[in-house]
Every structure is written in structure tokens, then in C-alpha cells.
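Shown next, in C-alpha cells, is the structure this report addresses.
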């Protein structure tokens, strides 16, 4: 049953991939959605049976790579963490599949799109269900591949093709870290199965654990778009919006968080790695949020917002609150998925327009989209009692309680900014006066039902996702469900932090204060956005010109892309060209570099003006040619010279007795 | 030398006698045949060589091959070389026919001189006595001078003859002086006796004489086999001489002189083995390098072949330097293997000659594969064999040589050797390139028609090269056996 | 055991293509194109089927040579006709026969001139390659090793690109240079083995006997150096690689496929067949040196590939990089490394072979390989783009495809040998993705900029047919490599066992000084 | 210094004079004569050694050499004449069509 979860989408992908172009064409969605739906059902089935009997188990398929003593199986692990992820992935995935039917309708690569999407589901499910690191890595790279394919789905656009390549390459850098971590783990444990590694993790030295932790986090940086490897995610918005929702918001980008949570046992031994992770997370959150403040492209804002929210998740994991991180991962999947889908609905309605300056007042034309979008905005901004509030607040609280006051401050500030830019987005898009081009205005329409139904379902989840599994969430079902998977870490954390846990059992005054701060931040952001964009729409422009330097800096995203380009990419290419020159001239030349002198001296003697007629062998050839020329010039044609050479030969032989130690 | 001729079976002299009679017939009675019977001339020559070959072969198991006549040995070593020389002679006759009729110079003297030179060579390899050797050598040399200058009307041929003669005669003087000193040191001309006496020599004066005679003989025979630095005549003579003559000289006179060199040095200079091996080693290295580098960009294929034959002598000397047992049998092997490819290439030059106009540049080979694929294939096999690429005989020859060199510890020399053969690949492959990868140079290049005799020659040579390359065992055994007969002499 | 259906199977397999060559030469006329092609195809398919026939009888539980065939050849020097295979060679043999079939198929429209010579050379080449992988006698090995140079030289030189003469002679010269040094190494081994102090005391070129030779360290080093140059040029290991781009670029498609797919493997095969088992201590000693060269090759190859403007050249340089991985794996000298190295040999044969085929497909249509001449091909040739994509991802080691399994094992092996090896090599993976994806973007993505490209036909049925087995293999090895790994396993273990063999100790060194001059001279 | 030594020295002298002549004289005929000088030097040496060793072998050799030298000279002159027919000079340094 577990095997079916990834297998079904794989089949769907294969069918659509092989036969889509010729035979299936417009009906590709039946295959894809069917496969995904069945996969979801399988996940639900597994999940419920797991709930009945909450005991982790592994399902072995076959031996994948076996070279003594390395044995790696294709096997699945069913435990709370993987089940939660599987549910999120298949659930959200299924919704987005449905959404895509409407969204991608009429696209030339319809079957291709669904094949990729199914392939993505397979890879992602392998990633979350894997029972060992290598299989996880397979999924990890697999989702990268699908991300590449889907970002570049409209490959006729150069920007899309570039973005796809960038995504894959940046991810590969991260993957390099991942795989090195994998080697370190194997070197220590002689196994790559999670279970074996976790049971031996306590024996890791701090240094090793830190190295592994940081390398794994490098992998996560790539996949989950953290500084400095976040640059691909904003560009990834070149793909279809449904893809952005599924891959670049709800599922794939959160793989890093999942992976970190999966390795909690190792991180527990590496406080330095944790601190590093928390700091990176917090800085990323703030950094991305600040960029999001001024972006005009609706998807770009959402993209930076995703980066920022992912920063939150790593902050959470970094301070040891893995469960909170996972919780936020789940709620984020709901509301960010919803936001993207909503924006997709808008873009769809506007015929591809993504600039918010050409939107406004869309509420009237597309009520369902507007309503669900508003819900999602409220959720992400952290307005209680929506889902986002609970998870975000929990992260901030955990950060504060674990003693990272500065990080908490950053987090709170980010929350304020999040609220501001999200409401800015909401107001600019759906409220206020319409700035839509006139020729587009009368085309405006609400999206078809395949789009609105997923929106509604996600909206529901965004509202209740936080409290549905129990109130307050900290003591709710999810936490109870997840903590066994991360129990080892709690154990370790107790050793590390002593009694840090004790406050979690009741809503203390501290909790309430922190909660108030985050609500306050959210509301402040809301109010500011309201003032700026609904009451005084001229104000943002004025501020922008007044704070021109900051605005330019933010608007250009700190020029990070440009810096990367000039610091890494261009020099690398230059190096490549240099090396090529070297290859053309150098290596063959080096071989006889020393002998060149001989050639030179031969040339100097003036008689030789040889062109290399055949040009057949480069420099060695030339060298021999020179010698050839010298040697054959000895052959003067004069008989007496020949006789002289003979006589000299005899004389040399005769005198050699003085040099050869030979005794009569 | 107060020997009365013993009662020996005349059959041991049959090969030489057959050839002599045939040569006399050809030279003196050629006029009688007139021009109408051109086929007869070459047929007489060819079949007498075949008959001689048969007689020589039948001597292989001759029961008492030690000192039957004191100055004329019929040991397996001699027979092996006689057979090789007769093969060379036969092939030369086969390839000459077309060339001579093309240039309208087919005369009895030509074949007669070829046979005479062969007789000289055969006497050389049978020589058990310095005087016999000298006589054989001069018989060969005088005939070759004339052959080189055979095209009287051709400036280049005459010049080649003149140069060959002047230098050859000069060299005879050197060899003779070496022999005189050797005689002075030992008081005998007989090699076997010399061997006995030399091992007992102790007086410094005698040793010094021996030493200088060694130097002179190295130079003298070095000249004959065209080893650096005594090689200078070879390129000019081969280029100028008529093509079949060049083939004959580069294969025959070299092989014969090498045979004598091995015999004289191993037998007479056993005392100095290490010394002359060292010299030969140096000469070998120089020769390999020089020959190959000088051949590198020759556009005249004949001249290129001249240099390449110098280079191949270098390889053979490598074997000689590597000791008596394995090294010398490798030399025998190589000499045999080399002759086919070498004559084959000269033959291809003959084939290209059109209406008496020599086509000797690399460019003349262009597009040969389209004009005559089989010939192109054969030439490729010859070239591969010369380079030493399996599955040709040349590979086995080189392999065995390098094996001997490694065995006796001449690693550096072996490295030089293998690198030199890599260099040689370059110029050999240029011909392959021209044949297969370039368009025919002249537009009227119709399909080439090899004459029957040339066709036979080509087939024989290709067959032998491939057969020896694939299954060299018998030849190796043959070479070893013939060499072991030298030891019986000593 | 050695006979299947009453025939000595290896001999049959090895010489079947040669018979094909002769059949073409003798029984066809120049203008009977169809007949020539059919003969070539059937003979290559027959060879492939025979190689498959071997598979079920192949025992995976032993490192011994199997199907050994033995006959007298040159008794005077102890050379025999000795064939046999083990787990390493059988895979390479299968790869060879498969790629030859594909090469024949892929040539049917690409080659229009001098078909007789072409297919004859191709089949002759196959005999040479198979012989190298089967020969267990050094002389025989060397003979096959050289024999295959000649047809390859012709393939490049006659049917190659504009600069083919240069490329052909360069290929020939480089390889010959290497192999003659190898020859000296072989001879040295031969004579040292004849010394009872080190080996079996007999004069033999039998590799199985020579596996047990135990040489003193300094002998090993010299012999290793000789073999190293021979094999490294073939592989090619940086900095001996400069012949490769030229040869690849100029060779016709089938030539490149065979060259990349099989010929390069002969170098690595040589390392694993000769250097590791016969010269264990020297291998151990030189391993860091080789590993460094391999790593330079990995990174350097990738970087230079990135600068290329010619697709084929790019693929050629990528081979330098990939073969660097193989070398790194082999010289990690542990089970994962060597297994990965061997598997990667196969993988590289499949994926780079496929890449060359793909390049050939568009070259045939457009007669250019310049990257800037293309763009947006995915619009006009969707199937082609898809095939290219799978191949490309296989080449850059995407998990789930064949390249990953090999690379992972290699990296794991390298990591266990020396931590930083893996760290450096991993960068090669990143760069590999870089140049390949950039290539793909420039060729496939974007809009169709050149009007000539608008009318390009997508892959024909024949082209898909010969790509299909490669694609299937990529997926198969990627997802379920176990059968392949099992084939390799015992032989690799055997190699590792022999690596642990002690060298001739100091007491033997003392004996060496009293050995006969023939060995003492080597010192 | 006995007679043998003197004749030996004399023979050697002839030999070297001949060699020098070959190396420096340009006229083909003169070179031919110098070669004869070499051979005569050799003959003298043979005969002297024959005397020293007390056997006849050396003298026999000398006779052989004289005979062969005559033949050689005949052939050589013929060649020189053949060349002279085409070329109005017998200066051997003017014959260098064949070189390099």
C-alpha cells in the first residue's frame, strides 16, 4: 500500500510521457489526476491505519545498490513525520492537479505538464517516504529535476529557460553539501538507513555532528532557498503558477525543513550547527521580507514571502523546535498554496498580467478568488485564529523561550513586514480602484470551478488548519503525533537545555505576552498597509522617492543576482575559456616546452624557414620536424663529406676507449 | 692452408653453381635471345633462383655441417640466410620485370648482375674465412655498383652509381685494413681458428691490434648495413638507383652484411663481446633516431624508404647488442620480416611508375584506394608491418627485438626504440593517409593494372607478412635453430 | 563450460565480426549498399546475441576467469592463445557488442561513401575491442589492443570531419606512444616473472599466472609508470587527453560512439586488469598521484567543456571529466570505489555514446554542430529533445538514472580513501550539471532563431529504435542496478584481495641483487 | 726497429695518405687512385703480417686483393666514364643532384 503512494504517480507520468503526445493529448488530466487522487487515497489509507496502530515500520521493496558493505534498499519508512508529509504532499498535490486542469487548459504541452507534475509527485513522495538517505537523495534530486522541467515549461521564453537552469544549478550546489554529509554519515555508521544512523547518532562526536549538520543544512539551503542559495526561487516564478504553488511554495521547498527535522538526532549533538541554522533562517526571513515590501510583480512578492517563511521554519528548527517548524510547514503549505493559486487565478483572468500596478479592484469581478485570497492573507499575516497565526506565534515563542532574544526580535520584525507586504498585495490587487488596462477589463471573469474548488478547500484549511487538530496547537494532536519521531531530540535537548521544556505545558503569562506581540505586529502591518494603499494611495510613491536609496536597493533585491553574476559566474566562464586556450596551446606545448629552446636555436641559425605543411602533429611534430630538417641537411650530397663523416665515426669509436671503462 | 680438397658432395655448392651458370647464360647469351623473348630472360633468372632455393633448402638437414670445407660453411645459419637472400632475389626479379619493360631497359645483364650480386651475398654468409667473406663482399659490391648505375642515361642513376662506387671502394679499404690487423693479431683468416686463438691472446700488442681491427670492422660493416654514422651513402644511392635495384640493395646487401657481421663478431671478437655490444648499442640508438627523424618529412617516398631502412637497421642492431642468444635470433627474424614489407613498398613505387616516368612522391599515392583497393590494402599492410602494428609480421619482429633488449637490460635503448617506432608511424601513415583520405592527384588516374609478376609478388608478400604476424612460431623456431648452429662452430 | 552449443564461445564471439568483415570484402560489390549494410547489421546483431548467450551461464559467485579457452600460439616465447572473461570484462563485452549494433544502425544514413570499407572497419574494430576484453595473454592482449587502432584510424581519417587527417594521426600517434611503453612494461613483467624469486619462474605471458607475481616495490613502480602512460593516454587522464577532443570531433558519429563508449574503457580496463592486481604496492603508492590527476581531470574537463561552442567537443571534454571519475573510483581501491568505477565505465559508455548519437542526429540534418546555430529545437523536435534530456540527466548523474549509481559509489569510495577527494570530485558534479544544462538550454530552449531549424524533422523510427535500448539501460541501471553490480562484485572483490597481497619483502630485495643480469639490469 | 716494423709503418702511412686523399681530392680519377693507395697499404700490411706469422695466408690475401682491386677499378672507371659522358666534368663535388 505504501509503495503505491509514489508508484501511482510514476505510472501516470510514464503513461503521459510516453503516449501523451500521440494518443492522450487533451485527456492527459484524467490519467494524471486519477493517479494523484489514487495516490492520495492510498496515503489516506496508510495514514489512518497508521493512526490506528501508531508504530513506525518500514516497507522494503528491493535492494537498490549493494556493494559490500554498503546495502541500500528501495524501502519506505512509515512514521509520523513521513506520514504527515505524505498527507500534505498528496493532499495539496491533488488539489493543485485539479486546479491545473483549468489553469493549463489549452496549453500546447498539456500532457507534458501533467507528466512532469506526476513525476514530481513521485519524486517528492520518495523523498518523504524514504527510509534511507540515498533514497531521500534520489527524491531530493528528482524534485529538483521536476522543478527544472516545470520552471522551464515554457522554454521558448529565455527567462524561463534561464530560471530553470539556475534553479537546478543552485540546487546542485546544495546537493553537493548533502551528498558530502551523506558520506560523513556513512563513514561513521557504515549505513545510510535512517534507523541505523539515528540509533548510532549519540556516538557522533560534536565536530562530526556539526560538520554533518552544516553540510546537510547546505543541502537544505539550496532546496529551501536560504541565504545564500535562495536566488533561484524568485526566478522560479517563470513556471506556471500552479507549479509555483505546488513546488515552490507547498512542497518541494519545504523538503529542507523536513530533512532537518528528520535529522534532529544529529542536530541535537551540534548546537553550533543549530545556531548557524537559526541565524541563517532568521536573517533570510528578514532579508526576503524586506525585498518583498517593494516588489511589484505579484508572484515575486509571494516568492520572497515564501523564502521568508522558510526562514521562519529554519529558525524554528534551529532553536530546536522541530515540531513547530513542521507545523508551520503544514500551515504554510495551505495558505501559501492558496495564495499562489489565487494569484494564478488572477493572472489567468488578466491574461498573464503579473504587475500589481495594473491590477486593483478585482474583488468585484472575482469574488471567490478575492475571498479566499483574503483568508490566506490573514493567515500568513498571523491574524488569529487562522492557521498561520498559531504556527508562527509558536515559532516566535519557542525562539524567545530558548533564549534567542535577538532572533526573536528579528522574527517579530519580519512578522510586521510580512503583514505589511501581504496586505499591500491584497489591497493593490483586489481592493481600491481598478488600474487594469481597459481592453482587458471586460474579459475579467471568475475562474472556472476546477480552480475555485481547490481554492475553497485550501481556504478552509488555512482557517482551521491551526486549531482543527486541537487547541491550543502546542498540546494538540499534531504535536502529539509528531513528537515521537523527534523524541530523541527532546531527550537530547533536555540534556542540553535543562528545564527549558517546563513552560510548554500551560499557557503562561510569557506565552500570552509573546502572543500579544505577534498579534500586534500583524495588526500594525495591516494598519500600515491599509493607510498606505487604501486611504492614501499616493503615499507609497512619495515615500519611495523620499527614501530613494533604500527603495532602489530593495527594489533591485540588493543586487544579489548581479553580484553573483560578476563574482562567480563570469569569472568562472572566463576561467573556462582560459583553460580551453590552455588546452589548445598549452598542454601539447608543455610536453615539449623545454625542447622549444632547441627549436629556437635551430631557427636562429637562419637556414630554416619551414612552414608546417601538413600541420599534422602539433608541437612535438614541429620539434621533430626541426630536427628532421637539421639532420637531413647533413646529407649534403657531396661524396667527400660522407667519407669524412665515416672517418669521424671511426675516430670517435677509436677515442671512445678513453671514455668507456674497458680494460684489456 | 695446405688443404687438399676433400671428397665432399658437390650438392652443397649447387645453389651457387646454379646461379652462376644462370648468370653467365644471361650475361653472355642474352643477345642471342634478342628482344622478342623478353619473358625468357626473367624466367630463366626467376626459375634458377627457385631451383637454387630448393637446393639450399634441401641442405637444411645436411648431416655433417661442420667444417666440410675450411673456408666455406654450410651450417643452418648460412642456409637460413641463403634462403632469405634467394627470396629477396626472387622478389626483386618479380618486381623488376614491369619496371624494366616500362623503361624499355630489360636486358640480360640486369638479371645476370642481380644473380651475381646474390651469389656474392651467398658466399658472404657461408664464409668461414675472412678471405671468402671479402670475396663475396666484393662480388656483391661490384655487381651492385653497376646495378645502381644501370640507367646510364639517367643523371641520378649515374650519380648514385658513382657515389656508391667511390664510397664502397673506400669502405672496402677500411674493411680490408681491419682484416689485415685481425690477421696480424691472430695469424689466421679462419674464423673458428681465430676464435680459439683470440681467447688465448694476452699480449698488449695483439690486443691493441684486435681492438683497432674491431673499430675498423665495425665501421666497415656499419657502412655496408648503413648504420649511423656510416650510412651517408644510403639515401642518395637508393634514391638514384633504379627502384628495383634500390629494393634489392636495401634488403639484400644489408641482410648479407648483417649475417657476416653477426658471425664475425660473435666468433672472432668473443673476447670483446661486451665492448662491441656497447658500441653497437650506441650506434643502434643513433641509427633508430636518425633514420626515423630524417625520414619524417621526406616527400620522396624512395628517399623516405632509404631513411626508414636505416632506421630498421637500427632496430636490428638493437637485437645484436642484446646478446647472442635471443638478440641475434631476433635479428634473423627481423631481417626476414623486414624484407617483405620493404620490397613491397618499392614494388608499389614500381607500380605507380607510368610510362617510365617515376612517381615517387607521397602525393602520387593519393587516392590509390579508389584506383586499386587491393594494392592500397597491400601497401597498408606493408606500412603497418614496417611500423610494427599487429597482426603483421613487423610487430612480431619488433616485439621479439624489444623482448631481447629488455631481457639484457637495455631498457633505455628499448625506450628509444619504441619511441622511434612511434615517430615512424607518422611518416608511414602519411602514405596511408594519401591513399585513403585524399583525392587522386591526377585526373587521368585510371585503374592501375599490376602485371602478373607484380601481382604474384604482392600476394606473396602480403601473405607472408600476415601469416608470420598471426602465427610466428615456426619462423621463430627456424631463426633460433639456425642461430644455434653458429655455436657449434665456436 | 567454455563451449556453448559445441563451439568455443569466446573465440566465436571474438572473430565473428572479423568474418563479417571478410564477408563484406569478399561477397559484396562496391555498389551493393543494401547488402553491405545488411551483412554488417546481421553480423553485429549475431555478435550481440552470442554475448547475451554467455550471460546465463556466467557464474557470478567467483572471481575466477570463466569460459577460458587455451591453445598454443608462440611456444618459443611462452605466448598462448588464451581467452577468458570475468565479471568486469563481460559487462564491457556486452557494451561493445551492443554499441556496435547501434553504431551500425546509426551509420545507415550518415555514411554514404565507401560503405564497404566503412562497415568492414567497424566490424574489424569490434573484433579488436572484444579481443582486448577477452585476452588473458599479454601478447594477445597487446595484439588486439593495437589491431583496433587501425580501423579506428581509418574511421576517423576517411569518414571524419574537415580536420580529420590531423585528428586521425594524432589519435594514432598518441595511442601508439602509450602502447609501446606498455609493451616494455609487459616485457619487464614477463622477465621478472621468469625469476623464481618474484614469480612463477616460467616464461609466460599468461595474465592469470602474472596475477600472482610479487615484485619488489621499485620494480613495480617502474612497470607501473610504463603501463600508466599506456593506459592513461587511452583513458585519457589529464594531461594526456588532448587527442580526445580532436578525435571525437572529427570522427563520424559511429566512430565517436565506439571511441567514447568502448575505446576509452580499454584504458581503465587496463588499470583494473593489469595495474591493480599485478602491481598492488605501486598502485597503492601512486594512487594519490593518480587520484589528483583524476580530480584535475574531473574539474578541468568540466570547466573546459563549459567553454565549448561545438556540441561534440563539449561532449568530448565531458568524457574527460567522467573518465576522471572512473579513475578516481578505481584508485580509491576499495569495493565501492572500484565497483563504482567499473559500473561507471558502462554508464559512460551508454550515456556518452547516446549523447554522441544525438549529436550525430542533428549533425546529419544540419551539418553543423555549433551551439549557436541551434536554439528552440524542443519546439520542432520534441522527441529528440526528450531523448536528449534523459541522456543528459543520465550523464550528469541524476539519481534514478545510471550515472548516479556509478558516481555515488565512486564518490563514496573516494571519500573513504581520502575525505577531500570526494569534496573536490563533488564539485565536478555541480559543474557537470552546469555545462550540460547550459548546452541544453542553448540548443533546445528559447525560440527557433535560425530559419533552417524550423523545418527539421524529428527523430525517425530508426533513430528512436537505436536510442531506445540505451535509454532503457539508463533507467534500468539507475533504478535496479543490482544485476550489474552482481556481475561485477566477485571480480572486484578478487581485485581487492590481490591488492592486499604483500610485495616481495626486503629479503627478496637482497636476492634481487644476486639475480641474473637479465633482471638485475632493470634496477 | 726491424724491417717488419718499418713496412708496417709504411703500410699504415700509405693507408692514411690514401684516406686523406679521398677526403680532399676532387678529381674522381685521383680519388680512385687514392683508393688504390689504401689498398696497397693494406697489401703491404698483409704481407708483413704474413712474414711475422710465418704463414702464407697473408700473401694469398694480398693477391686476392690485387685481383679484386683491378676488377673494382675497371668498374669504377666505367662508371666514371658513363658519368663523364653526361657531365663535362669529373669533379666529384659537382655531383650532388641527390641530397637531403
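Letters A, B, C and D mark the chains as written, and numbering starts fresh at 1 in each.
Here is the rule we go by: a contact is a pair of C-beta atoms (placed from the backbone, for glycine too) under 8 Å apart; a residue touches a chain by one contact, two chains touch by 3 or more.
Since this is a predicted model, take the numbers as computed values, not measurements.
Chemist: Is the C-beta contact count larger for A-C or for A-D?
Modeler: A-C
Chemist: Roughly how far is chain A from chain C, going centre to centre by Cα mean, in whole Å?
Modeler: 36
Chemist: Using Cα averages as centroids, what's the distance between chain A and chain D in whole Å?
Modeler: About 94 Å separates the centre of chain A from that of chain D.
Chemist: If you average the CA atoms of chain A and of chain B, how far apart do the two points sit, in angstrom?
Modeler: Computed from C-alpha means, the inter-chain centre distance equals 76 Å.
Chemist: Roughly how far is chain B from chain C, going centre to centre by Cα mean, in whole Å?
Modeler: The computed centroid separation for chain B versus chain C comes out at 42 Å.
Chemist: Could you list the positions in chain A whose residues touch two or more of the other chains?
Modeler: In chain A, the residues touching two or more other chains are 614, 616-617, 632, 635, 637, 639, 643.
Chemist: What residues in chain C touch two or more of the other chains?
Modeler: Those would be 165, 169, 173.
Chemist: Can you pull out the residues of chain B that are in contact with at least two other chains?
Modeler: Chain B, residues with two or more chain partners: 162-163, 166, 170, 174, 235-236, 426, 430.
Chemist: Show me, using the given definition of touch, all chain pairs that touch one another.
Modeler: After working through each pair, the chains in contact turn out to be A-B, A-C, A-D, B-C, B-D.
Chemist: Would you mind writing out the residues of chain D in touch with chain B in their complex?
Modeler: 11, 15, 18-19, 22, 28, 31-32, 35, 38-39, 41-42, 45-46, 48-50, 52-53, 55-58, 60-61, 64-65, 68, 71-72, 75-76, 78-80, 82-83, 85-87, 92, 95-100
Chemist: Enumerate the contact residues on chain B facing chain A in the complex.
Modeler: Interface residues on chain B, with respect to chain A: 162-163, 166-167, 170-171, 174, 204, 207-208, 211-212, 215-216, 218-219, 222-223, 229-230, 232-233, 235-236, 274-275, 278-279, 290, 293-298, 423, 426, 430.
Chemist: In the complex formed with chain D, which residues of chain B make contact?
Modeler: 1, 130-131, 134-135, 138, 141-142, 145-146, 149, 152-153, 155-156, 158-163, 165-166, 169-170, 172-174, 176-177, 179-181, 183-184, 187-189, 235-237, 239-240, 303
Chemist: Give the list of chain A residues in touch with chain C in this complex.
Modeler: 17, 21, 62-70, 134, 137-138, 140-142, 145, 148-149, 152, 155-158, 160-162, 164-165, 168-169, 172-173, 175-176, 179-180, 183, 186-187, 572-573, 575-577, 579-580, 583, 587-588, 590, 614-618
Chemist: Spell out the residues on chain C that touch chain A in their complex, using ranges where they run on.
Modeler: Interface residues on the chain C side: 165-166, 169-170, 173, 239, 241-242, 245, 300, 303-304, 306-308, 335-336, 339-340, 376, 378-379, 382-383, 386, 389, 393, 398-400, 404-405, 408-409, 411-412, 415-416, 419, 422-423, 426-427, 429-430, 433-434, 437-438, 441, 444-447, 479-482, 485, 489, 492-493.
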